[in-house]
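Right, one structure below, let's go through it.
As written, the chains take the letters A, B, C and D, and residue 1 is the first residue of each chain.
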Amino acid sequence: MTLEVVGFWVLAVLLVGSALAVVLTKNLFHSVLWLALALTGTAGIFLMLEAEFLAGVQILLYAGGVVTVVVFAIVVTERLVGTRLAHTSRRVLAGGAVAAVFLGVMLDILARAPLAPVMVPMGADPTKLIGMALMTRFLLPFELLAVLLLVSLLAASYLARPEE
Amino acid sequence: MMLTVLLTPITVFLLLALVAPLRRSGRPAAFISILGALGTFGAAVQTWVLVDRLDAPIQRVWTWLPDSQGALATVGYLADEQSAIMILLVTLVSLLVQIYSLGYLSDEPAPAIGRYYVYQSLFAFSMLGLVLAPNLVQLFICWELVGLCSYLLIGFWYKKPSASRAAVKAFWTTKAGDVGLLIGIVLLWRHTGTFDFGELQQMAGAGLVGVDGLALITFCIYLGAAGKSAQFPLHIWLPDAMEGPTPVSALIHAATMVTAGVYLLVRMAFLFALTPDVLLLVAWVGAGTALMAAILACAQNDIKRVLAYSTVSQLGYMMTAIGAGFASAGFFHLLTHGVFKALLFLGAGAVIHAVGTNDITHMGGLARRMPQTMIVFLVGTLSLAGVPLFAGFLSKEEILAGVWAGGLTGPFVMLLMGAFLTAFYMFRVVFLTFFVKPAHASGHGHGHAPHDAPMTMGLPLWVLAAASMTIGIYFMLHHPAEAVEAPGWLAPVATGVALGGIALAWATFQRQIINAESLARATGPLRTVAAHGFWVDEAFVAVYRGILMTLAALVGWVDRYIVDGVLNVISAWTVSGGDGLRRIQTGKVQDYVLAVGAGVVAILWWLRGTM
Amino acid sequence: MGLSAYLALAAVIFSIGLFGVMTRRNAVGILLGIELMLNAVNINLVAFSRFHGDVTGMVLTVFAICITVAEVALGLAIVILLFRTRRTAMADHVDWLKG
Amino acid sequence: MTGWPVLSILAWAPFASALLIMGLGRSRPGFVRWTALLGTSVSMACALWLYANYDLAAAGFQFYEELPLVPSMGISYQLAIDGMSLVMVLLTAIIILAGVFASWTVKTRDQEFYALLLLLVTGVFGVFVSLDLFVFFLFYEIAVLPMYLLIGIWGSSGEVRPQGLFGWAFGRTGVGTKEYAAMKLTLYLLFGSAFILVGMLALYVAAGSTSFSLLALEAVEFDPGLQSWVFLAFYIGFGILAAIFPFHTWSPDGHASAPTAVSMLHAGVLMKLGAYGVVRLGMGLLPEATQQWAWLVGTIACINIVYGALSAMAQKDLKYVIAYSSVSHMGIVMLGAATLTESGLNGAVFQMFAHGIMTGLFFALVGLVYEKAHSRDIFSMGGFATMMPGIAVAFTIGGLSSLGLPATAGFVAEFLTFLGAWSSAHSWWLFPAVIGAFLTSLYVLRVVRAIFWGPKSTDPHFQNLPDAQGTEWVAIVILVGALVLFGVLPGLALTPIDVSTVPLLMRLGVL
């Protein structure tokens, strides 16, 4: 039992646990916090996969940005209504069944698939490679992404603008 | 020449029908039509002379229905002995009736007169086409066209409900017979491969016409003849047809069109000779019709209806003769009857025109006011009654001789009884109309004293009366070569029967020795039956209303509510099915996600199976 | 740990996220479920990238993360708008397209 | 032969005028009508030219035109006509010319009305002149689809009677409204054309997927099993359009709801399209199946004749009477075809022509009566002959033709069919056919008497109604003239018909 295995299992339990908490807890605010935990756990997984840059982005953008935005949104909407947001579930059985069967089938397929057992060395620092790729091969999508972000920010602020 | 006979009336018809101002002008149209009829008559005379001289039929045909073998059906003319003399009758009566109508319809508005002469011209053409038809197809075409003219002319006063009903009734009844005729023609075509009279006659003569199934064919053809010539039970339309103007009754419903059935059977006699069973039927039905119609004629008070039933009765005589195998006797009676019955109708028309009613009980004592009319009417009556020296005597005697020679004792007795009744009811009309004092004084609705008809109406009457007399005397002197030698006792018996009928009528209505009412009562239930016309009308109405209309209503209902209903049920199910399926479209996005998820799972499951 | 372990973990998280999307009434809750699913996808991408020695997966992850941010921003804006117009944040109260 | 593509001009002239009308006709009613008249006159002229120049001695398909469309699939724009289609083209030209006159008084959205009408006519012409099955089907659909709009927008709704057995279903589907009629008609016909398409594709594939040309397919001897079911597919598909029992119920509703010109065109020409399809494709391409199924076609035709006539007797609505009479008369057409005899098939084609004119006349007149009296209830009207003598006379002539009176076209057709029926393998067909003709005389004269010749109605709505006027006369005169002309001189139409039916029957091996 190497450290890697132990680390993976710890992270896995953490991730699955927090994810379950996200979808099961009755309190919306708690959900968001559990999500933040899950996202952080994902960053840990990224670290284990030697993707430090991505782990950083994950924490900064997701756990930091997204969660903050969601919290803001909740606060704003609750202020708008003046009551707490209800956070109940519907069709738990049907949803659970679909999700469970989905999981089962997926795992079954994974079990049968011939998958690589070990990592292949990247040949260089992944962060550097990402940077190179973004500036060369993926330059156009990268620029488009920038435009997309701009547009969506404008759109979001337009949609959520105060009522006249 | 033959073409002139056919083309003149059709040209007049087209001229009047298409040139509306001319038609609406009334009397000018009438003059053109009469002129045309005169020309046609002249051409007919020439044709007759020509045929007589050549002593051979003249035939000419043109292709009408082409097919790959050249011609399926032709049209043209065939002028032989029979048709030549028949067109003489048709054109003569037609001419006289057209002249007569000028006076008779003088009170009508101009457009109506124009319309009348349009129909008259069309009728003349169709009737002549029928008579001159060289084959069954043309005969049928003209057969239907004369039926159409009859329909149009009966319904001439279409604003009168009874007239328009009678017109339709006439059309339907004859059409029912025509269905038979059409079937017969089709069957015969399949049987022999030709429509042509000449060819058929040759084949029949050479024994090439198979007898198997021929009875059905002749029976079907007879059905057509029975409808047109008002044989029981298809006679019901003829009395009602009296709703038309009286000249029309004289022309179409006495002298020409109704005899077309007889003419057809005369034409086809060679074929009927091969099917004795059908001939027997023809004879019995004919005799029955003759007697029944004579009985019914005694019970009528409408002068035209008496004459109409008398026509039915006389047509029965002709048919019986044909049935007995003596078509020539029937044809001879057709000709003489055509003349004197036209005379009777036109005379009756003169009376009606003068007194303004059809009811003989409202007439009476007209002999002094209308002496000319009385004389010609009497000529016609004597002829119809079968008194010697008059046209009807000869032909009727010939029929009786033929029926006796044919060994048909039953029909012979019936015809003899019919002859007695004929004399009786005709003289009943004569006495009540012209001699006795009117029972109901209010009869003369015209407001002025009735008097003899004007020249236009008088002339045709005298011509016809003269013709009746001439034929009677001529043939009395030059006795035609009869197909059968009449037994010596027949002439006295027939004369005696006729005189007996006259005597009874005289005793009852003129001298009133016998009370008319008690005489009627003496006939017992027959009187009730006669009053209802043997319920034949009711039977037809029952078939029409009870069976046909019910069936139609049933089919209509089935169509709307079953055939279409099933369709609409399918449609409604489709709509409800859509309604039901619509509900799975909840509009809730998560349900869609659920469905998408389930779908993805299904696809994965399938993929897993392929791995 | 082999590739399959990472993929299995991602599958579990994806399923949980899917469950959340399907069952959460609150629109924000649905968004959270979506975040989980995207996250699982990211794990997959990175794992494949790493085990195949190809950096493309990681680049795509960068993209995915960025797009997620945009999506969250827009999604929340829509939620707020929904709230304004319909006075609810419940996804199943919104059924204008009901058949 | 000239270099002009006469058949294309014939078919596309109405389409061209439809384009002109849509382009330039906005709120210019005069322009719309005259353009429509021009387009249809060009077609009429082409039809007459074709009639005059068709070489009867040579027979067969003439005035050939071809333009490859999709060479790889063997689809080409291939036009030609033989005697049968020549007569049908003539019929279409007559009816649409009369139809343009009959709809002169259309007021609402006349621009679209005329454009759709002309589009429809292009479809009809196209079907009759095209040899390529693909193009045939294309035109067929063009002929069917505008009907939906024409009835749905310009139609008239009758009384709604959701009662009786299955009444709930009627209530749901909205029986009696013009929308219902339009929907029913369109769905029914499209349902049929699905069968046709399947049949065509089956033949195409079976013949080696090289050509859709009728001429090429004629040369192929198909497997009897294939023939059998393809014939049934054609029979049902085209038969629906020809109103075979029990697929006829779209016809009364559709014709009753449709505006005048559309009823004229639909009952007059489109129903013939169905019969034409059965004869041309069913009998022409599938000789063995034709013999195999003749009993079915003929027997159903007999049902049509009697059943249609009885249904017509039961109707109270004038348009329904005429529509059911069409059902009955189309039975004569199908019966004639099923006899597989020369006279029968000639009679069938002649009946298509005769009935087309006759029913066109009927619907034109019914339209006029309705326009003036605003009633279709037979037994509430009466004595109209005094007020509208012209219409009364024309209607009577139409009625007489309908009941098969000689000297009108109806008689020739019925007579030929009867001859054929008795000569066929199922001679008993003659009797229902003749009985049907007799029943026709019952209901036709009943209607004619009730509306025109009977006693005058006392209803204040029916006083002082005008007779036909102006352009309305043109339509009546054209149709009555054709009806009588072809009745008196049937050879005018029979000669070209005969040269095309005889080879057809020879292929069947029955002649």
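One rule holds for everything that comes next: a residue touches a chain if its C-beta (ideal position, glycine included) is under 8 Å from a C-beta of that chain, and two chains touch if they have at least 3 such contacts.
Note that this is a predicted model, so its numbers are computed, not measured.
Farthest chain from subunit D, judged by C-alpha centroids: A. Rounded to whole angstrom units, the spacing between the C-alpha centres of subunit C and subunit D is 63. Rounded to whole angstrom units, the spacing between the C-alpha centres of subunit B and subunit D is 36. Separating the CA-averaged centres of subunit A and subunit D is a span of 69 Å. Subunit B and subunit C have centres, each the mean of its CA atoms, that are 96 Å apart.
Those residues of subunit B in touch with two or more other chains are numbered 590, 594, 597. For subunit D, residues touching at least two other chains: there are none.
In subunit C, 18, 22-24, 92 are the positions where the chain touches two or more neighbouring chains simultaneously.
Under the contact rule defined at the top, the touching pairs of chains are A-B, A-C, B-C, B-D.
By the touch rule above, subunit C contacts subunit A in their complex via residues 1-9, 11-20, 22-26, 28-29, 31-33, 35-36, 39, 42-43, 46-47, 49-53, 55-56, 58-59, 61-63, 65-74, 76-81, 83-84, 87, 89-90, 92. Within the complex formed with subunit B, the residues of subunit D that make contact are 161, 164-170, 172-173, 175, 184, 245-246, 249, 307, 310-311, 313-315, 342-343, 346, 383, 385-386, 400, 403, 405-407, 411-412, 415-416, 418-419, 421-423, 427, 430-431, 434-435, 437-439, 441-443, 445-446, 449, 453-456, 490-491, 494-495, 498, 502, 511. On subunit A, the positions that touch subunit C within their shared complex are 4-5, 8, 12, 15-16, 19-20, 22-23, 28, 31-32, 35, 38-39, 42, 45-46, 48-51, 53-54, 57-58, 61-62, 65-66, 69-70, 73-74, 76-77, 80-81, 85-92, 94-96, 98-100, 102-103, 106-107, 110-111, 113, 115-123, 126, 129-130, 133-134, 138, 141-142, 145, 148-149, 152-153, 155-160, 163. Against subunit A, the residues of subunit B that register as touching in their complex are 590-591, 594, 597-598, 600-601, 604-605, 607-608, 611.
Within the complex, the subunit C residues that touch subunit B are 18, 21-24, 30, 91-92, 94-99.
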